[in-house]
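Can you read through this structure? Questions will come right after.
All chains are identified by letter, namely A, B, C and D, in their written order; residue positions are counted from 1 within each chain.
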């Protein structure tokens, strides 16, 4: 029965499918941090839709609001006509998120995916500055449409474009070359020297923690320095907070603790709250020089997502939510540190911050083996990095201590089982 | 109260918003072909989410299935992990749509928007052929991310890119130059002459009816000739059926009556049935050379949309559905022809086919005035074309005769009211 | 001895060499319209350095001036410092060429090759208009550096770039599609329709007679219409007169009889008079917004070429020179027409004008065979067109009737000898 | 009289002219390292046609050969037909230059300018590797046509392109960031990390001493490391020796003392010996996969330049020539060091090697003032660098000690005169 279903996938779906290969079952139900497949097997979810399910699955309050909305024949699809659901979202987003953080941003609704908000951000930066180039950073990941792919580092993804990707200069992310090399001195030389071959760019785009690129963390002082350089040269700073935002690192925006003020912010994934497609592009009001309809998209008014998004913001009304994330983050760090210490065979390094942590291992294929062993034991966990060299823990922010610990247990057992088998840890 | 809500939009939402300017109210509820705003005013919807609501609003059966699914904690978001909802959709799509039409297509789920499916189609065509250029057609519209925008004709949208759009050659759509000029002879000369400066392209991409470009219809013999040329030169044929597909022109795929077999088909908008974001890219199995994950997107597994999409396919199990569309299409044609005849001041030309028709008028601003007058009278209708020279009728396919006639009445009254005021019809 | 010398070429020179393959001998001497190889064999030159030797080889007066200049230790190389030789050239060019034709052009000295003047013209047009795209024409040939190659039609040459060639839209040259199709109606539609996907270009660039592209002639009314369209849309008109200029078609500039006034003119090849590298870019004074040194090149001040160029202009002081070209042109036309009539096996069509004529034959390989047979008989003649489908007569303008007739005789004998051998004329 | 001549230049020549602005006179005669203007004023030439006149002006032996050749009606212009003059050049170049240095290179004759050889090198590298990107270096200068300009660093020159310059990644030249920073560690990280956003390039292109970029010298160990990295990653190494080659740094090729073996070498400027346009592209035989005529140019067979080039190679038959350059180079270094010491107001730094040295001064405008003062005193000398921050000494290699010393005297006097005037040395 399960196999019949998987066979339908195999026969009809393109070979481009990927996660079904790592998690070869058919899921039917999910609640909080748990998922169940059609045979009733339970899984702990340390993946969370790659960061799209920060509030867990089927949050009861959002669910209630959504069902009520549908039952009342609320508008589902509205493009950018005004709907009550949208007005309510905008209002609450302003009251709960923007105002308390002293952020004065205009909100744009691009197509409801991460790559659409990135494309809109790049277009706006180019329009505002009249410049064509954008500086991106090594191992950045911003999406799969041509504009976003141009600023993405991964070479096999880039090759998929089928055309040379242009109008971008890649600079080294924090710690890219080595811990000692101040790569920003380098970047600055390129900008200030009129013979450098690097034209003044419209913008810099970066993630404060690189999720797909290998859970690389930019230090706060590095981010501050980036902001300074942007200000000095009149370059717009775009923070792509699609994966690291909406609480994933402990604060609503990932850049809050660095004390920087980006010009443009990209949000998607968990912004809808419930896992439904939604994306926002935020920018300083003085940048809002769009003509009506100059960038659009059919699904930019996904009202089901407005309804659950509005409800999800309630989490942020209570400071205790942020505190709980930080407390549990420490627990994760502690656990990962202990793993690295206890299992030197991993040659592991703990990376990340908040609910966006993992272990990088130079042992070829090891991270994938750990993830596969964990799946067999009922834990869903992903790898990351251009060589899949990191296994990463992405639990829902609402996970309780028991859930965390059960997950930890499975991970440790998985590691043990692999390490026993010496062949598996030999490169 | 309404104004308070509109003021929130104005203060917080970017100036890029557009439809709220044409339809300045706040909607709350919708059912079938009707919508209501927060003051309770009722509207007939001849817009249908720009083709994303072909089955009308809140279809009762889909609604029932969706609510049931949510109540049972069905998976909302799954990336490309397998879920029962996805398997069921694939199975039914194959049984109800592909098999009866003798179509052997692999199904890919890109990000859930029209532009994402177009981007994936372009990438695949370039990967398969190893060529970089793509031939697009005048007044084509394919989306707003850089790849899709490159093959879009509208110059003000193109300018929004902020970078030169490359790797594309635009050829004249059917009847672009004049009715007498055979533009395909022209196109073929470019391909066959080694000194033409036009490199052999990976693909041609086109809509069979251009929705945004002004309701331009390609004749079936023109489409057949395009297919022949593609076959002759080994060029892949991509039909972008995002707007014209899913019944909008009378058949599930818009190209069915032309008897052509495209290599790649792009679907979105109404494919989800209920107005929720979903997109599919279909292609011949021999083109399925994607590497796993080579093109992806966080929201490619939108299960709410799978659930309603599956239910929506039931419409197509009964031949009577197609027949009813065609019958009502004729009614629309008849009505539009009568308008052109009765109101010579329009200098009108009826354009389009199926539920995708409109009147083009060379009188500057007139189409917009008609749409605005109709809105005041309780009808939602859009304009189209690079100069907004067309007002277009996009009712839901499920509209009944009464709905159609009420809509017609409002349109005619709107025209009358404008024509009375002579100034309005003077260029 | 001859073979020893050819062997040195073969061993040391890159496989990119081409003419030595068609004309496999080693030349030592040349005078007027004749050349001699190291074995003393005499050749009539109907090739003239592909149009770089319009005044023949070693013109006695130019030779005298050049030797005198060198003997007196005149400056050879001056970049764009002022030299007496340069001043004298500018002055005489103005007096003899520009003023009598009522042309008010600024003169720029780019690097001394055809492709350098084209690159400078494209840069200037883009700088002046602030636009990036350029319209080129099918089968146009403008040079081999990336900028010029972008506007060149030949696909195998384009492929040599190794990168996609961009920022250009190719439009059909006169008669490209067929004699009946008004391709300018087509071009104009693209420019006037805001949804055409063709952005307003900086310039159009074209040759009035396409030398490399197959001796295609643009009708004067077509050229006038091009000029009109350029004026209407504010597009700069660049005439690439590198091959067709300096008398090759009968007048100094090839566009004179069409009565058009290009904005920018590219000159090279015969402008130096003696076969030494030189190139000029001419443009209307209001376009002269270059910054000093914004475009440069080490050999832009080739004084030996200034000296001979100055002397060569004396030819144009006497109207009889132009008249003699036209008279001899008619002779060439007559001869070619007679060939076509007498040898129907050629399926020939006479093409070109002035001293730039040839016969196009659809019989595969035939034109090359004629040229090869002629070489054996002591005549140097080239083929042209993307399939080498044309053999072309490019004698020096100073050739006398005897020389012409001797050349004609060899060509006719060559054709006869090939036609006798039936296999050679079968496709 | 002089003014009349300068006025002709001003009226007729484009504003793009540059050197005539720094050296506002009209030259008539030149011999060895001296030039004379039309008023008979004598100048010492420390400029040497920007490196195109390494053997001085009107070398008596070359002059004799050239005049003899012309008097005998030798072929002037031959495209790539074989001529005795070309064969003799190839033969002697092989015997005198390539063989003794154990270099096995194929010789290609592109159009006779520096930018043409660079364009041919880039095309070949892309063709051989099938890759599109090229790595260039900060402050590199390679020419003004679009391909060469893409790999040139200077931002104002780049802006002149009028289109975004693509398919290039700029890396830091030796010492670009600071003396302590190992920029090659940086470069290597980009190449080895699959997420770096830098695609594997076809080639790296660089000058061993950057002439236009500010007389920056790459250390030999840096060049060796570059070669190692190229070998490791299968990247072709192109040395642009247009300015630094043909003895300018002391050896025929500038890279000889570094002990590296580039894959492709670009030569022009002094390769013709006498100041006439000529360029060569040299490459390893296994790279010679050009199709006949795939890259060409009308003036690639400039026989006058072959004749003088052949004669010029005689200088290299005697080791004493190289030794004399090195001896005199030391003299130049000594002199410049003494200047820096004696005139601390210069804040000078001596840069360069061989006959390619200069002083960089951070005092804004100072280098230009020194050059201007020297011109008044009868010395021709150029500035270099993106801010004209270097005055550079480029005497002919054949200059004698007296000539050098007279030049030194003028430079020192010029500096003194400026330093006296305090205002001139204040930023």
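Everything that follows uses one rule, which is that a residue touches a chain if its C-beta (ideal position, glycine included) is under 8 Å from a C-beta of that chain, and two chains touch if they have at least 3 such contacts.
All values derive from a computational prediction rather than experimental measurement.
K.L.:
Which other chains touch chain B while also touching chain C?
P.N.:
Neighbours common to chain B and chain C are A, D.
K.L.:
I'd like the angle of the rotation relating chain A and chain D after CA superposition, in degrees, nearest 5.
P.N.:
So the copies are related by a turn of 180 degrees.
K.L.:
Regarding the chain A and chain B pair, does the interface count as same (over half of residue numbers shared) or different (under half shared)?
P.N.:
same
K.L.:
So what's the Cα centroid distance for chain A and chain D, whole Å?
P.N.:
The mean C-alpha positions of chain A and chain D differ by 50 Å.
K.L.:
Could you tell me the distance, in whole angstrom, between the mean C-alpha positions of chain B and chain D?
P.N.:
Centre-to-centre distance between chain B and chain D: 59 Å.
K.L.:
Quick check: how many Å separate the C-alpha centres of chain A and chain B?
P.N.:
Centre separation, chain A to chain B: 31 Å.
K.L.:
Can you tell me which residues of chain B touch two or more of the remaining chains?
P.N.:
Within chain B, residues 132, 156, 163-164, 166-167 contact more than one other chain.
K.L.:
Which category does the touching pattern between chains fall into here: line, ring, star, complete, or other?
P.N.:
Contact map by chain: complete.
K.L.:
Give every residue of chain D touching chain C within the complex, in rising order.
P.N.:
Touching chain C from chain D are residues 5-6, 8-9, 12-21, 23-31, 35, 38, 49-53, 57-58, 63, 66-67, 70-84, 86-87, 90-91, 93-94, 106-109, 111-116, 119-120, 122-123, 125-127, 132, 143-148, 150, 156-157, 160-164, 166-167, 202, 242, 268-269, 274-277, 281, 283, 288-299, 302, 304.
K.L.:
Report the residues of chain C in contact with chain A in the complex, numbered from low to high.
P.N.:
Against chain A, the touching part of chain C is residues 163-164.
K.L.:
Okay, in this complex, where on chain D does chain A touch?
P.N.:
132-133, 136-140, 151-156, 158-159, 164, 166-170, 172, 176-178, 181, 183, 185-186, 189-190, 193-199, 213-214, 385-387
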